[in-house]
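Next, two complexes with chain A in common: one pairs it with chain B, the other with chain C.
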Partner chain A sequence: MTLTVLKSTSQGSWEKRILKSLNSMCTELSIPLARKRPVGEQKELLNKWNEMGTDEPDLSLFRPVYAPKDFLEVLINLRNPNYENGDSLSFRTHLGLIQVPLKVKDIPELKEFFVELGLTTGQLGIDDSTQVPPELFENEHVRIGQKVLAEQDSAAAQQYIRQGSPTALRAELWALILNISSQPEDILYYEQLKTNVIQHDLLVDSLIYKDVKLTASNDDYYFVFEDYLYQVLLCFSRDTSVLGHFAYNSASPPKSYIRGKLGLEEYAVFYPPNGVIPFHGFSMYVAPLCFLYHEPSKLYQIFREMYVRFFFRLHSISSHPSGIVSLCLLFETLLQTYLPQLFYHLREIGAQPLRISFKWMVRAFSGYLATDQLLLLWDRILGYNSLEILAVLAAAVFAFRAVNLMEVTSLAAAEAVLADLSTLKVMPLLQIFLFATVT
Partner chain B sequence: MSRVSVPCHVKGTVALQVGDVRTSQGRPGVLVIDVTFPSVAPFEEIMFKNYYTAFLSIRVRQHTSPHTPAKWVTCLRDYCLMPDPHSEEGAQEYVSLFKHQMLCDMARVLELRLILRQPSPLWLSFTVEELQIYQQGSKSPSMTFPKWLSHPVPCEQPAPLIEGLPDPSRVSSEVQQMWALTEMIRASHTSTRIGRFDVDGCYDLNLLSYT
Partner chain C sequence: MSRPKNQNYKGHGLSKGKEREQRASIRFKTTLVNTLMDVLRHRPGWVEVKDEGDWDFYWCDVSWLRENFDHTYMDEHVRISHFRNHYELTRKNYMVKNLKRFRKQLEREEGKLEAAKCDFFPKTFEMPCEYHLFVEEFRKNPGITWIMKPVARSQGKGIFLFRRLKDIMDWRKGTAGKKLTSSEAQPARSAVNPPGGHDARSSDDQKDEIPVENYVAQRYIENPYLVGGRKFDLRVYVLVMSYIPLRAWLYRDGFARFSNTRFTLSSIDDQYVHLTNVAVQKTSPDYHPKKGCKWMIQRFRQYLASKHGPEAVETLFSDMDNIFIRSLQSVQKVIISDKHCFELYGYDILIDQDLKPWLLEVNASPSLTASSQEDYELKTCLLEDTLHVVDMEARLTGREKRVGGFDLMWNDGPVSREEGAPDLSGMGNFVTNTHLGCVNDRKKQLRQLFRSLQSQKKASS
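Entry: the complex of A and B
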């Protein structure tokens, strides 16, 4: 359910801002939104399709349409006109940044929801560490995983993966849960998208190039996959089947008119063809998947399904429990309720916790955690069909570094304490926060 | 079964409050909406859009028997529209309530009174919108089945084979197999769209549209 107030005002004005930003980039740089490539250029692109990363186009004049922190400002300013936002403190004053009273789960409800992460249930990410003999849990868990795959049981796979997926089985398990099977028609569809990339040049292509160069290419884990990222994201922009997800997304795809035919509906088209304008960090949704899938059309299908099921909720405004607004509120509420001293201290020094954790949640922690930990986290996103675990992990990270955070005296110092998450082990953090903290 | 909208007159909301409305600090937590009908109507369904109402009670004034005067009876008591009155869940949903959910018989309704409650002080106002009452539409005309469908005759003996023609049951099974094959081919037809995004091969765009 999307609240009318969120849908009509904030998402609408946010979208208008994005459109204006893209339009001004077009006029400033005198570049069209889209154009057909001349034949020579098409041939050239086809030849270097597998090594687009070697290209070094001049992207200095392009800037990302928006970054997560711009989006955060929009969320902070969300107001319900029917809500009492008086000056006097009341029992429900929101001390965090989000001022929309959505219903979020508390720890008892989270413990029930994430019951398989409990202390008495085996987990990959905890019970497969080198000190634990594999006969206690790991061997049996792998055996069950193989059986689930043999039966091709998607529902069982989703239940199974709540305890984590063995590395060897992960690619197949995710494909089973997401209902991806590479039929010849899927490979053909991907080839058709590739043809569309060759034929038409889009402005968003430059935005994608810039994003990959700025983020994934600079990342120690992901730079090797640079070429794959172009092959996926450029095709993704041309995929009109993605438009289908706008039926349950409060956002609307941007529109344009074929040159010169402004206002005539028969010349109206969506731009980009998939309706999704990438923002700074967008390519990080794809990068971790490159560890699992090496065949471009399968990698593409997996990413597309992950996007229309989960990732789109992280950058559009809605009241859905897995939407970014609810995740932000869940994070702030958990921190305020279970770490009140830390929350109060950070507020006092001008370091609202959400300002630090927002970028982690928007990217589903991609690029912040070590890849094996990230994949264990995304196992649980698939298993529970919910993004709420991102908010819980964010709160757990703050809880873990609480002692250091209590000693900082500025936002910059707090950011420094939480700058490096690459050594964190995700599952123990989650387990301790949910099941082993005295509340 | 079709439903027919019942014409009704929805009066304005009346707030129930102790003391003077202008001087007291708090906002009213109880509102009453009266709905009158020009003629006595059998009630089937009530539909509305909620706007931050937490609990709904409905009282109905009707004749319980033909010769007694009409009385007020509660037909819905504290129906929960918002599981948590302090948060947004359920605050703007469309709600349908049917006669089988009511505590009393709703055959001859003269007047309805909706009692809205919102105990949370967080909301500036609350009400229900787009109120519509429905009564049962006329039943679809009953169909009488042809005799041979409702009373099938027992299996007849097949007629004796005419010389020179193939066995009809063998022919029919072969035809059935061919039909099954064509159905299989038809069913495996892919529904994947080609996904063209251009108009007649042209996708030259200058600027995005704001409308």
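Entry: the complex of A and C
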């Protein structure tokens, strides 16, 4: 079997590259893209279903199909053929890596968009710290959260969560906002996917294993959830309902053709069945969710919904304001406009800021922030239904460490200053950057 | 011997109102552990003492203690890191005995309800002297799993699980057989020697000398709380500054140690599944050192809160406070409360699926070697704060309720959180000044503490 892609946009050529890479791995290793498991193997897998992490298949020959930095190179080389240099004077002075003139918000617009993060509004992540008496904000906020849940009001929940979710209510609030209700048919659907995994082995499975072993299993906190990650991701790759998101994604799912019938649509199937090829770090989208959901089918549904609403935008090329291209541009623009000295300095020493912050944004900061902080951040992603906060946070981190960054003289040194984000408190950083910095 | 050269001072400690003099430099001796060495060497005014020199402070091995404590003269200000007969708490068979006795006393004096608060250790029988009692209990509960542990070994060595009497009968006849005969000849300690009496000491010394392996058989907790399908236990640090009166501090940090493999009762031979000591896990074929297998207790507390809600977590942690305090109270009258002694204990706690905590054991020498960078931070901060509480520099007033990451948990009575009267709730569990698994902003607190101590001093001089 060979894979091919029909669209020839920049997203299209990126997809071609990915598929080529997958194809060649397939040929080199002489492993089929898909095969039916023999009965003995099926039984074995079923027995091991809750502890697939104990398996140690030989993955040394597999490589991730691509890593975020490969994707960044593609974005850097994006040019809009319709764009004439003469049009936007301000854009010509854009000194960042992204050269596509998309419209991004400036700080006044962001302040309006993120008005609930303002200094006079109570926030979880700030106003629940140990020094603040809970009567001032926390108790009332918790009470309101319980009320929202009792009334099962999804829109109210989305508004409420802009100020952060209390730990005990988060799992339910997210489910309410994402409209996940775990009906018997949902559980049945998950079981069917599981059966699919048991019966068929896909090449991408090895990529998933490899990714989990390389990233989540090595994480100080997520290693505990290794088994859940396999249970979610293996099923995810077989879930054809995920194909639905391509309707609003400028990307298109890769197709494969039965041997000899290349180009004939009747003989085309999507590969992998969900149309999503995992890249290095993909499993980190799931890992934080394991903190909240312990029942596999619920965890699965939540992840799938988070993916088709948000995460897919982080690794496909589009002009959407929450797409990764816009986020990169937003980040660079914020930095260049509001921290020009820092921006120029880093550029001078060959440390373009986006090269450092890109990986944070692609992963929605998973694995970089402490879990409790990450969950507070993802609360706001859900609350504002936008990923722009990732770019704002990235800029806020640079602002926070500006003093140290001004002293570095190489990319490596800059990376070192920004290597450890685990002690950062995201809400104060965001508040200061948006609302308390003189612009 | 540890005689200081030219000193003119009065004793100090947490006794209030006594004058304490500052020392020019504090001479220390220690065992070779990197975290400890680093902390002691970096402490301002502390000087390492070479082999036979006099010392003011010694972080010693229990073996040194056993051999030398009784014939070492120590001046009043000198401090040493163990209590002479700590094993009353830290050897599994003695701990169980002391707890059982304490429980009986509570039942006599305060009724069944109060005594039930001591039911945090799984049913345990000392082998071989309680073998017949064990068999009786065993027969009453067919099919449950038991765990056999050597009393004095650590790091998971010598432990095995069993379900059939046949398994231990074989074991009895085998390697342990001969040893059992010789120790069976000795009378059970509690029957002959009254606790705290002089006789008790000499027979303990005897026991220490004979290389006999004593075991305990303990009911195995078959429904441990699992995270990600894995079993874990908690390591918590308790610092005892004196037993009479009982003064104990609880450290805010600690960690959950995970088993590397998934929990299942079907493979009781797989010790890697059941034993969560890092030492055992390190030998498991699945072990990847990069992974580490620990969670800081703050993370664990958050995880539980998001799953069970804050009230359930409060109850669990307050039940754990109960374990620390009751266990210390049970040996209070037995341990020789020498004012030179302090001790940093490592408590091992197991939580079951009903969120009930169980005491597995208490360690007198918790491991201070660091298994990762995060671990190194934890242990060095723990040791620094321990030294702050021990206060060789005589800076504290003795009225502090918090020093760095340590909260005063018990001061001859419960310690309340706010300033003022103790807050005894009618529920029975003490509402203590403890913050296990909570934010540990120790640097900030220490800065404020020492600044205010300095200004108090200036004001009074």
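Just so we're on the same page, the second predicted complex is superposed on the first by the 416 of 439 C-alpha atoms of A that agree within 3 Å, B and C clash if a C-alpha of one lies under 4 Å from a C-alpha of the other, contacts with A are read in each partner's own complex, and residues count from 1 in each chain.
Just so we're on the same page, a residue touches a chain if its C-beta (ideal position, glycine included) is under 8 Å from a C-beta of that chain, and two chains touch if they have at least 3 such contacts.
All figures in this text were calculated on a predicted structure; none of them were measured in a lab.
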item	value
Contacts of A:H200 with chain B and chain C, given as first, second, both or neither	first
Partner chain(s) touched by A:P296 [first = chain B, second = chain C, both, neither]	neither
First, second, both or neither for A:F270, with chain B first and chain C second	first
Touched partner set for A:P353, first chain B, second chain C, both or neither	neither
Touching partner for A:G96 - first (chain B), second (chain C), both, neither	neither
Of chain B and chain C, the chain that contacts the larger number of chain A residues	B
First, second, both or neither for A:P64, with chain B first and chain C second	neither
Chain C residues within the chain A interface of the complex	227-230, 258, 261-262, 286, 288, 290-293, 295, 299, 302-303, 305-310, 372, 374, 438-439, 441
Partner chain A, residues of chain B touching it in the complex	51-52, 83-84, 86-89, 91-93, 121-126, 190, 192-199, 202-211
Chain A to chain C touching residues, read off their complex	50-51, 53-54, 130, 167-168, 170-171, 217-218, 220-221, 223-228, 290-292, 294, 371-372
Chain A residues touching chain B - in the complex, by the definition given at the top	1, 3-5, 16, 19-20, 22-23, 26-27, 32-36, 80-84, 90, 92, 100-103, 185-186, 189, 192-193, 196, 200, 238-241, 254-259, 262, 266-271, 273, 319
